[in-house]
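So, here's a batch of structures to check.
Each of the next two complexes has subunit A plus one more chain, namely subunit B in the first and subunit C in the second.
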Partner chain A sequence: MFRLILSLAYKNAFLRRSRALLLIVMIAVSMSMMLALEGLYDGMTASMVEKTKRSDSGEVSIYAKEFRQERTIQENIKDAKKIQEELLLRKDVKSVSLRLQADGLCATAKKSSFATLIGIELEDEQGFGDFSEFLETGSLTLRGHKTVVGKELAKDLKLKIGSKVIFSTQDMSGEITAVALRVSAIVQTNNIALDKGTMYVNRELLRKLLQMPKNSATQIAIRSDNTRLAQELSAQYPDLDVKSFLALYPMMEQMQEITVIFNSITFFIVMLVVFIGIMGVTYVSVLERVREFGVMRSLGMPYSAIKSQILFEALFVAMVGYILGAFFGFSALYYLENYGLDLKEFADGLESFGYASVLYADMKYDYFITSFAAIFIASVLSVLLPLRRLRKMSVIEATKLQI
Partner chain B sequence: MFALALRNILFYKSRSLTTFFLTFFAALFFILYVALMDGSHNSMLQNSLKVYTGAIEVYKKGYREEGGNEYLLDDVGKIEEKLQSIPNIQAFTSRYETYGLLSFKERSSAAMIAGVDPQKEEQLSQLKEALFLGEYLKESDANCLYMGAELAKRLKVSISDEVSFIGSASDNSFAADIFKVCGLFQTGDYGFDGNWGFVAKNYFDTLMYSHDKASYVSIRLQNLEDVETTQEQILSALHNTKLEVLSWKELMHTMVEAMEVDSIFGYISITLFFVVIFFVIMIFTFLNLSARVREFGTLASIGLSRRNISKLLFYEMFILSSTALLLATPIAAATAYYFSLYPIVIEGMSETYKQYGIISDELPLSFDVFTIAWNVAVIYGLNFLSLLYPLRYINSFTPLEALRHV
Partner chain C sequence: MIKVENLNKYFYKGESREVHALKNINLEIKSAEFSLLSGASGCGKTTLLNAIGALDTIDSGEIWLEDVSIGTLSEEQRTKLRLEKIGFVFQAYNLVPVLSVFENIGFIMQLRGFEKEFIAGRVEELAKILEIEDKLHELPAKLSGGEQQRVAVARAVAAKPKIILADEPTANLDSLNSQRLMEMMQHLNESEGVSILFASHDDYVKQKVKRIITMQDGAIIDS
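Take a look at the complex of A and B:
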């Protein structure tokens, strides 16, 4: 019996080819577009979050209590090296980077700009966030008085590889101090604050320039998968300011939330309209065949079997649409994930928002599962109204009905 | 024919209601979505223009690219004289800007110090309105410094404190002075409030040896729409190949580009909705027409041409679309108009997005009749487009085939 129902449903589902085709195309086109958009938006946000973590905060950052408010080097972590060693002993910590930073004035012979000089160890940064991947031009070295400059700052000051820049700031005793640096590389981290106003130098060079004590740092950045690490470290180091990534960048959390909300609303509206489409087709298809169902029932076929047949008809068409949509959606996502969407023409605008000029999508298998569930539910719900209409009719009424 | 179309609409209720509601909600959503997108972009641009950037600025070629004292404007008086004759110019002022180091007690900070004409700035920028503490600059003020509240916070200075300034004068000599903090401003633009300070230009010119010199001349227009025409008028009035006249579109190129990208993504997102709605309208039209094949066969056999049948269906779609749009457009337009006057306020938005130059918690909608008109035209176009395939299907039958159709 079940095989008979399936066979009848399959034949009837595609009996009216044009309407079945329209429905399939609608589901396939809307689903593939929705998947591509969802993946692209998620990819944009995920890339921004990932690059911010890699270039700056990690999952957790530690500062001296007042550093983030005062932005002065007097507010530094005195025994940073010891803390780094302690952190590296933890199994849940992947890497730790110590940084020194000082705000000041960066000047060439013709132009000046505000800048932050960050003292780093290139080797640590490479382990921390694959720093070399940020390289735009030049060679990544901080030997001697070499400096690596953020792309927007370099653009602003017209800096090229080999350009000389003077950085002036205040040292620990409050005296004005300056250092001449030569640009060895230009980097683009897609972290707006860093790209617009940061120069990197060797940490030891900056420490000496600022006359800061050995083993001190203004920031300890940590990479870890432990989501409770910030709370644990806050308890371990109560005299320090321990902040999670989202506490440091609340905007990123909002952006992620906005993306989720936007994608959910899009998904809901698209599925609602798809549901209306499937329901329309099923409704008409059932009404056209009321007499046929009346004859089937008078021949002894139970109502439940007719109900199953109608449900399978809707599911067959919807699933063909889903398979095509999933195929085209997967293809679009695969392309966007590997080759990206090239928007170099709008590079300046995108970079000002912290995005790369080539946008890559993020492919999550959840997209396909939720789409499947939504289309399945939409198909099941779409048959309820036609079935209700059919159920209200007696076998004789149905058999005599003229449409 | 029109009456017949109307009767058909009333007879085939489910198709009519679906088309009506989908068109209604699509139009409402589209108009409000575009109004919100344009409104937020306009607000960002206007806020930036209002704070300090001019609608047009005149530079010596090379100043923006190379910088340095050799690219300062000379004979500013003559340039200003020529600008007076251009009709669309509402106000203009020359500014001298230089980076320097400000120090107070044990704290120092790099800052952008600008010599400005306090009175003229009142007409051109929001400097005076942004007064937060103390008082705004006066022309007679000598060493008064009007500085950003964030910069003051960083240096830990307050009104009447004296800060030392070190910089380089226009002749590349060393320039140093003591400024007295007279006022603090807060525009909401984090970068501006944290890095800028202003001094009366008369006084600053003496310190920097910059009499009749300026970094650029900033211009405010009566009508911002005519920016390109005015730009050309200024160029021809100045008649100097060493000068360049840049409009806000070039001055804020990055922001303009960022908004273009944002709009592109906005339109891509909305296209998704339209594609789905378009298909559903098409499916319902197709279902309706395929159920009426015999009716069309009868109409054809009593003498109605294919053209007449197409006209009938066109009328049906026209009535349905127009009714939905006539209802949706005023509602959407009124909502857009209301929120253009009384913007949506999202508390804390400017604080969260200050890095992006967002300086207000207000999110206004844009009310533009032309934009609403093309939004409506798009929906109309899509509805008529959705008629094509069903129409082609109907026209594929001969009258005899249509009469026998089951």
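Take a look at the complex of A and C:
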């Protein structure tokens, strides 16, 4: 009997071709748009998270206990080099970068601004987060007294490549000290805090300027896939302040949650439309064929078989819509993942929120699984009302039979 | 084979417009009978066929199909009984529009889970008797009224029910097709041994049947 039910369902599902086609197109278009939107939302957030990790914290950062509260260089990690070597021996650690950072005043002949000078090793940073990808203009070098400046800070101080700038701060003994620097490059990390107030110099230059001990650092940033690394390192270095990315950037966690909410709302709206679409078509289709169902019941077809037939009719159309939607959605996501959505015209606005001007999608296979499940459930739910209507009718009423 | 005892059926029971549609009906139909329910329009022929066919409920009395009392069955049990023991031929043919002639004839056999080979053999056998063997792969919409009714007869008889109930099967057919259909049904009655109970006004049907049960105002006046 199952084959008969399937055959009846298949033939009836596509009997009224234009109606079935409309429903299929509606499901396919709304689903592919939804997938593309979901991918873009996730891609925007993932890109922001990744750039923040690459430019600053990594997955885990280690500081001296009071550094993050006091922001003074006296709170530094004295044996940072040794810790770096220990960390690099771990298989779950991909790279480690030591940084020195000092808050101070950055001044040109015409303007000054509060800034943070970060001492880095370019080679380490390249391995840590492809630092050269942040380059906007200039040549990425920190030799001598060269400095790399964040884009917004450069804009604020009207700095160009080759501009001279004085950075003054306090050294380890509390004395005011200053260094003259020449801008070699301007970078944009899309980490708003860094772009607005950071300059980079060679770590050794900054160490000497601040008269800090050799092998010391204010931050040890670590890249790793181990999600429990922060807890493990906290236990290993109880005298240091070990923080995970989300502990350092709680806003990012909120961003991720907001993205999930946006995606859920989009998903709900699309699935509601799909549900109403399938239910409308199924309802009309069932009402048109009440007599036919009555005849089949009078011939001895059980109600359960008719129920299955109607359910399969809805599922056949919905699944064709799903397959097309998945195909177009995959194509859109593939394009957006590889080529991105170019919104350079809105670059200023996007960048002020920390987004890149070219948005790339993030394709997750979950999208296709949850869409399949939702469309399946929507199909099942959508036949309940038509079936209820049919169930209420007696065989004679349904057929108006004169047997 | 079918025994109806003191059957009563009302429409709009308890309302001012109450109709006593079947009045104390007593009737027996034996195996392989070829009989007709006759009477004026509104006399209760269709109501009695609906009750015997387990399509409608009754208010009092008993209907026995072999050893089963139809009145006590649930909706699902009545559906099963119709599937296994009763064949129907409708005035408006009522073929399943999306199924081919072959699939329509085999419909009840498929519902009953018969073997594919058996279904194919039986469909071809009946198609030959009813002269529709060249139409097996057509959809019902492409057939004439006479051909559609022959497909409906083949569907009704295919799974070898105990009785076939046919309400005005010739009403939508011209005289030539009516004669052909009745001859074929008579042949099936004799060759298959299936009881057939008609409800009809058609004089030609009256001529062909072996027994006429006459109804008037919901009661049997002559059987």
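The criterion applied here is as follows: the second predicted complex is superposed on the first by the 398 of 403 C-alpha atoms of A that agree within 3 Å, B and C clash if a C-alpha of one lies under 4 Å from a C-alpha of the other, contacts with A are read in each partner's own complex, and residues count from 1 in each chain.
One rule holds in what follows: contacts are C-beta pairs under 8 Å (C-beta built on N, C-alpha and C of every residue); 3 or more make two chains touch, one makes a residue touch a chain.
In this text the structure is predicted, and so the values were computed from the model without any measurement.
> Identify whether subunit B and subunit C fit side by side or clash on subunit A in the overlaid structures.
fit
> Check the contacts made with subunit A and report whether subunit B or subunit C touches more of its residues.
B
> Which partner does A:Y303 contact after superposing on A: first (subunit B), second (subunit C), both, neither?
The answer is second: A:Y303 touches subunit C but not subunit B.
> Taking the C-alpha centre of subunit A as the vertex, compute the angle to the C-alpha centres of subunit B and subunit C, in steps of 10 degrees.
100
> Looking at A:V395 after the superposition, I want to know if it touches subunit B, subunit C, both of them or none. Which is it: first, second, both, neither?
In the superposition, A:V395 contacts subunit C only.
> What is the contact status of A:I176 with respect to subunit B (first) and subunit C (second): first, second, both, or neither?
In the superposed model, A:I176 contacts subunit B only, not subunit C.
> Contact-wise, after the overlay, does A:Y334 reach subunit B, subunit C, both or neither (first, second, both, neither)?
A:Y334: touches no partner chain.
> Could you say whether A:E292 touches subunit B, subunit C, both of them, or neither, answering first, second, both or neither?
The second partner, subunit C, only.
> Touching A:M34 in the superposition: subunit B (first), subunit C (second), both, neither?
After superposition on chain A, A:M34 lies in contact with subunit B alone.
> How far apart, in Å, are the nearest Cα atoms of subunit B and subunit C after the overlay?
Superposed model gives a least subunit B-subunit C C-alpha distance of 14 Å.
> Quick one: which bits of subunit B touch subunit A in the complex? Just the residue numbers, please.
Touch residues, subunit B against subunit A: 14, 18, 22, 65-68, 99, 101, 103, 105-110, 112, 154, 166, 195, 253-261, 264, 268-269, 271-273, 275-277, 279-280, 282-284, 286-287, 290-291, 352-353, 355-356, 389, 393.
> In the complex, go through subunit A and note every residue touching subunit B.
16, 18-19, 22-23, 25-26, 29-30, 33-34, 37, 71-72, 103-105, 107, 109-115, 158, 168-170, 174, 176, 192-193, 250-251, 254, 262, 266, 269-270, 273-274, 276-277, 280-281, 283-284, 288, 343, 346, 348-353
> Which part of subunit C faces subunit A closely enough to touch in the complex?
46, 49-50, 53, 55-56, 75-76, 79-84, 86, 88, 90-91, 94, 96-99, 103, 107-108, 110-113, 155, 165, 167-168
> Of all residues in subunit A, which touch subunit C in the complex?
The contact residues of subunit A facing subunit C are 1, 3-4, 7-8, 11-12, 15, 291-292, 295-303, 305, 394-396, 399, 401-403.
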